[in-house]
Amino acid sequence: MDRITKIDIITRQSKFDDLKDALNEIGITGMTVYQVLGCGNQKGKTEVYRGNELTMDLLPKVKLEICVCEVPVQLVVDTAIKVLRTGKIGDGKIFIYPVEDVIKVRTGEQGVKAL
Amino acid sequence: MEQNYTLAIDTIWVLLGTALVFFMQAGFAMVETGFTRAKNAGNIIMKNLMDFVVGSLIFYILGFSLMFGDSIGGFIGLPALLSQGEFSALKEWMALDLNTFIIWQTVFCATAATIVSGAMAERTKFSAYLVYSFCISAVIYPVVGHWIWGGGWLAGLGFHDFAGSTVVHSVGGWSALIGAMILGPRIGKYSKSGKVNAIPGHSLTLGALGVFILWLGWFGFNPGSSLSGMNTGTNSLIFMTTNLAAAAATLTTMIITWVRYKKPDVSMTLNGSLAGLVAITAGCDAVSIEGALIIGIIAGFAVTFGIEFVDKKLKIDDPVGAIGVHGICGSLGTILVGLFAVDGGLFYGGGFKYLGVQILGVAAVAVWTMITISIVFFVIKKTIGLRVSAEEEVDGLDLHEHGLSSSYADFEVKSHLKDVI
Amino acid sequence: MEQNYTLAIDTIWVLLGTALVFFMQAGFAMVETGFTRAKNAGNIIMKNLMDFVVGSLIFYILGFSLMFGDSIGGFIGLPALLSQGEFSALKEWMALDLNTFIIWQTVFCATAATIVSGAMAERTKFSAYLVYSFCISAVIYPVVGHWIWGGGWLAGLGFHDFAGSTVVHSVGGWSALIGAMILGPRIGKYSKSGKVNAIPGHSLTLGALGVFILWLGWFGFNPGSSLSGMNTGTNSLIFMTTNLAAAAATLTTMIITWVRYKKPDVSMTLNGSLAGLVAITAGCDAVSIEGALIIGIIAGFAVTFGIEFVDKKLKIDDPVGAIGVHGICGSLGTILVGLFAVDGGLFYGGGFKYLGVQILGVAAVAVWTMITISIVFFVIKKTIGLRVSAEEEVDGLDLHEHGLSSSYADFEVKSHLKDVI
Amino acid sequence: MEQNYTLAIDTIWVLLGTALVFFMQAGFAMVETGFTRAKNAGNIIMKNLMDFVVGSLIFYILGFSLMFGDSIGGFIGLPALLSQGEFSALKEWMALDLNTFIIWQTVFCATAATIVSGAMAERTKFSAYLVYSFCISAVIYPVVGHWIWGGGWLAGLGFHDFAGSTVVHSVGGWSALIGAMILGPRIGKYSKSGKVNAIPGHSLTLGALGVFILWLGWFGFNPGSSLSGMNTGTNSLIFMTTNLAAAAATLTTMIITWVRYKKPDVSMTLNGSLAGLVAITAGCDAVSIEGALIIGIIAGFAVTFGIEFVDKKLKIDDPVGAIGVHGICGSLGTILVGLFAVDGGLFYGGGFKYLGVQILGVAAVAVWTMITISIVFFVIKKTIGLRVSAEEEVDGLDLHEHGLSSSYADFEVKSHLKDVI
Amino acid sequence: MDRITKIDIITRQSKFDDLKDALNEIGITGMTVYQVLGCGNQKGKTEVYRGNELTMDLLPKVKLEICVCEVPVQLVVDTAIKVLRTGKIGDGKIFIYPVEDVIKVRTGEQGVKAL
Amino acid sequence: MDRITKIDIITRQSKFDDLKDALNEIGITGMTVYQVLGCGNQKGKTEVYRGNELTMDLLPKVKLEICVCEVPVQLVVDTAIKVLRTGKIGDGKIFIYPVEDVIKVRTGEQGVKAL
């Protein structure tokens, strides 16, 4: 059995559609998407509301969770970097985690077959 | 003393009508914000507020006199700052206090201006909006108003536009057309592949509330245009024709969308109501109730196919359907008076002359409006700029134009996910 | 000329009242959508729009003549398509232009129809809704109207329902009762274990806005029913009785919920306001201000316990409380006129006859409405079907009935999480 | 019969004005809820509903007689339960049916009461709210009303407050000031470091709708205060001054925020509209249109700097800006009458006496209101308590005061994330 | 110390209540719930809005995150499958991950005891 | 290369700001925040709505996801406990997971450097 890996990509919301399309092209169809708030190197914005400063430390980000079997991890990472990199702060991060098992509810299939 | 009662009754009628027409601003604000995205909600309500504000001020300062001042060659009224003119021609037929008449005309003027913001929503610079809105209220609208209601050349020809299908709505609609065309579509509206994408509004509930408010406002807009509460026959007929034309148009639109899109479309049906109201406005006093029903049905067709045509064929991105509702149905409704007017319409044996004048007037207004507003937009584009940057548009105008992280601070707004850069 | 002023003043009164009553449609739309779930918001506003549209059309085409045509045996008016009849009986006492009267009656008719949608919300097929709404406006309501306002048998007996607690509200309320009963409860409302679940509305803010709009509308509904702006004494009394009955009912309801549920319940208190308004409608012209206060207090009790009774004992699922507000309080308010009418009420020494007639009328209307609407629902159920499928209901009517993924496209809507299949 | 028409025309004017002023309750509800957080939305609308309800009842039961009963030494009217007094002094100059006048005054009284809830939003106990709202409507407001409109000592001095900048708005505004001061700021409003934090409202769209509704309501509030539909000159002037003062104030505020905060601030501009409306209320009948424009501009400055001053210097937390809008602009607008009144104002050669009386009246009302409301708040604080616990405040009043998990059950509300404990 | 495992169940929102009840019955009381958007085999829907097609690639899903000690993992999976399986596309997926440690803030307990 | 660890802290929403400040103080600047619904030992609340009981099994919680290299894990946990502990049910839980890799999109840096 191949190893299964989870790839979390956290990036700008405005890049989401492009990323999804790029991932589709390399054959990734399954994914789970979260709306999250993030902070990192990118600092929040300060706006003025009724004359008072309003600092938003956390910026809205989108997180894609993609489980793949080992081989295309690098492909996914490369694709993501290609689409997402602007060189500006806030491009985002990719986290890679081990997965023990996957089960497809509809068929009961397990492991890589379930993906 | 008799005169006194008549004046009081007429004044009450017009002033309460004014209040109702004013309230249409809230209706437009709700429709326009409801039909567009949450990230621009603050910007849209700000535009709706400010066009009324700017319009009220400049119309009093200049526009009113251009519209109702003694006619200069049938084209424009004698300018008089702060509405301080003689208005001798006006006073010949208008028995109300001048202030009553000014405030009534003010809320009409603001209606024309506010129509544009919907079509140009979600991508226009706020400062640019203020400028062109100013121009419409200061000159473009008053000149048309002079032609038709201020004793100008079209009035002389017998052109009939009782409450402003052409004067108000088509001026707004054609400005919206040119504006949306020059601006270009919102990011994501048309894919490179040519696909036309839907960009759903953020609150159809508020959109519907807006339509109900507008419908209410129309019970001031149309019957109030008689300028007389004494005129009970006309006023009650107008209530009937207005209401039934709107009803017929709504039903027609709903059925059309049901047939064409398989399911009755909520937002288009709401447009249908407005289409009927706009279309009957010109002839609400002149057609029979049955005529109003037919005009309503025609408006239902016109708005559905009109909006689709603008959207899919012309590829002009009009988020709220303002061009179809106000431009197309306003013009069409005016022309239909030439057919359906009980007194002189073609279908009642009146010959082609009436119809011809109606068509001429509609065309003249369209040409005037499109040319002048094009100049305005051109100058804006070359100076302060008309459209926000792509980044601002994607992030939302609330953030960049008003420093507002969101108009709905407590809710998670996900509008970005649907954008394509 | 004197006649002239009277007509103008009365016409202004009725037409502006018409506008206010029309606006109640917006109020109903906001209450009904606010009290139900976001996934059905587009469907509810569509229903509220379309019942007004369909009602306006069919009432003009047929209903008005059934209501006000010359009486056929006290039961129904002489039918006349497109309201083109003689209406000689009507014209004996009604001095307004016929159009003024038709539009006024139209908005009343639409009110009766719109009440039903709230009780049957979130599970009724859209097409079925259009059909029964049509039937109410075309026949069921006009017949009741004929009995009471059109010179029919109840009018002959001296039945008093000034502005329609029975004619309008109870017809809506009893139709709602039968409809909600036949439909069955929403999925998840009653657990198998017998537990009654709460299904909170998606926007109490809009619900409250709706109640304010309805309260405003009632200042057209009740005083406008005098049909005369000359009648200053009655009109101002009605403003007072209407407002104070509503206030008393609201306060009573709030206190009851505070005592019974430990905390003042927002949505039930909002129902309380409507209960007071509905209850005072029948006798707003006939009771004293103190009588109005007491009627309001009684309505507060009736609506709270009435809604609980329908919900918990009868296990009929009425999402917005329409049965309690319009059916129960409408009927009760009418009966209370027999007690509180200053002129002839039991408490003012008037004997039991008045009370008896009130009870008879209320009962007759209830029986008529329930039987006819049952037939309508039965036929719908056997033909096009009355209720959507379970899947459609769980996903939301917006999606399946209107192809609308959400009426709030930019917001994350989580209503599904609370459903139980 | 002549008298008859006049009465009818005046009654229509006042009763329809009543309806419009009533609707301002909806406007306040939307502004206050829109400008505050979602977790308190149900609480705010409940407060807005209940202050109208409580105010309507107690003003009829007691307040009206304290305001318009025969004067006891120019300070207070003769009390008469259930408004059952003689009102002989009143009837000398007031020709309307008493009920017409009572309902008109009722909706004014409720306006004064409702202003306070915005400033004290998001942390006040609901029961405490009911109590102080009761006191304002029962005594504090009626006494001020008596001084100025009920034939009291200020009326005797020639103090001019046509529609209530001082009587209604400043009473609300000063009560709001004292209330917000005694309550203390919301948790998280002022950091320990002294930083003033913004706490954005949960729906600027509803806030804007509220402003449009209020603006509409003002077309009843100000012109209706003439109490006469016959008075066409005054009424139409008032429409103009009211509208243009509001427009000028809105524009001014927008420009100021644009300059000071770099971008035009949406919510402050909405406050600007209200500031203009409040400021012109006292002199809407007495100033020229140009005077109204200048008053509007001054109000725009006053509201922006006033709100900032209250917020940043006094560190009093007023979530909706009620103190700036109603207290400051209400008082300022009244004083400006002494300068701008065409008949007697300082700028029109009228000398200092008029101005002096205006200042005296404004000061007297401020002192009276602040002292009496302080006593009320003090007693509440020592008995039932004025403020909810920190936990209740953080979780939201909807949950703890009304057992409502959320007024927006289908949406994810994230307001907690911004709180600091 | 027993091993701790995280089980992520992604499924239809309409099945959530049933699933929660079934998990309660087998003794699972702790869980964290996410609203997510997902795509997989199940394709989105295409609706018509004002005459234009509107494709929703991502469908709203609910994700349950449940940390258990090793033993009942299979029980949880079986229970979930029993409740969720309709045989139709969109039944969802179960992902299983390793957990290094758990700490209960209130008591400071660590590991299996913290659950 | 140091090991990378993911720390999930699930706690009351009202504690979020304090926690973020405390984490900032110990040098944690990157984090991803989720709004979740949770149940555990803390039972939901029962309210009355229009006379009917309404049980909310799930309470709104906030989840912080923080990836750190191994060393400061204990520091993060201790800091979190210090800020969050009230001793009352609902204080929350901390979950610790292994991370295989991290990539910074902007620079392409990998592993600990990406953090």
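Going in written order, the chains are labelled A, B, C, D, E and F, and every chain counts its residues from 1.
Operating definition for what follows: a contact is a pair of C-beta atoms (placed from the backbone, for glycine too) under 8 Å apart; a residue touches a chain by one contact, two chains touch by 3 or more.
Note that the structure is a prediction, hence the values are computed from the model and not measured.
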*Where chain B and chain F overlap in contact partners, by chain label*: A, C, D, E
*Specify, for the interface formed by the sequence copies chain A and chain E, whether it is same or different in terms of residue numbers shared by both sides, with half as the dividing line.*
different
*What is the distance, in whole Å, between the centres of chain E and chain F, each centre taken as the mean of its C-alpha atoms?*
19
*Approximately how many whole Å separate the CA-defined centres of chain C and chain D?*
33
*Let me have the rounded angstrom distance from the C-alpha centre of chain A over to the C-alpha centre of chain B, please.*
45
*So which bits of chain D are touching at least two other chains?*
5, 9, 12, 16, 200, 203, 209, 261-263, 265, 403-405, 408, 411-412, 414, 417-418
*Can you list the residues of chain F that touch 2 or more other chains?*
33-35, 37, 48-49, 54, 58, 97-98
*Contact pairs between chains, per stated definition*: A-B, A-D, A-E, A-F, B-C, B-D, B-E, C-D, C-E, C-F, D-F, E-F
*Considering the complex alone, what residue numbers of chain A touch chain F?*
5, 10-11, 34, 36-41, 57-58, 61, 63, 77, 80-81, 84-98
*Which chain D residues qualify as touching chain A in the complex?*
195-198, 200, 257, 260-263, 265, 267-268, 304, 307-308, 311-312, 321, 417
*Of chain D, residues touching chain F in the complex*: 394-395, 399, 403-405, 412, 414, 416-421
_Residues of chain E defined as touching chain C within the complex_ = 13-18, 33, 35, 45, 47-49, 54, 56, 60, 62
*asked:* For the complex, give me every residue of chain C touching chain D.
replied: 2, 5, 9, 12-13, 16, 20, 37-39, 200-205, 208-209, 211-213, 215-216, 219-220, 223, 229-230, 232-233, 235-237, 239-240, 243-244, 246-248, 250-251, 254, 261-266, 269-270, 273, 289-290, 293, 408, 411-415, 418
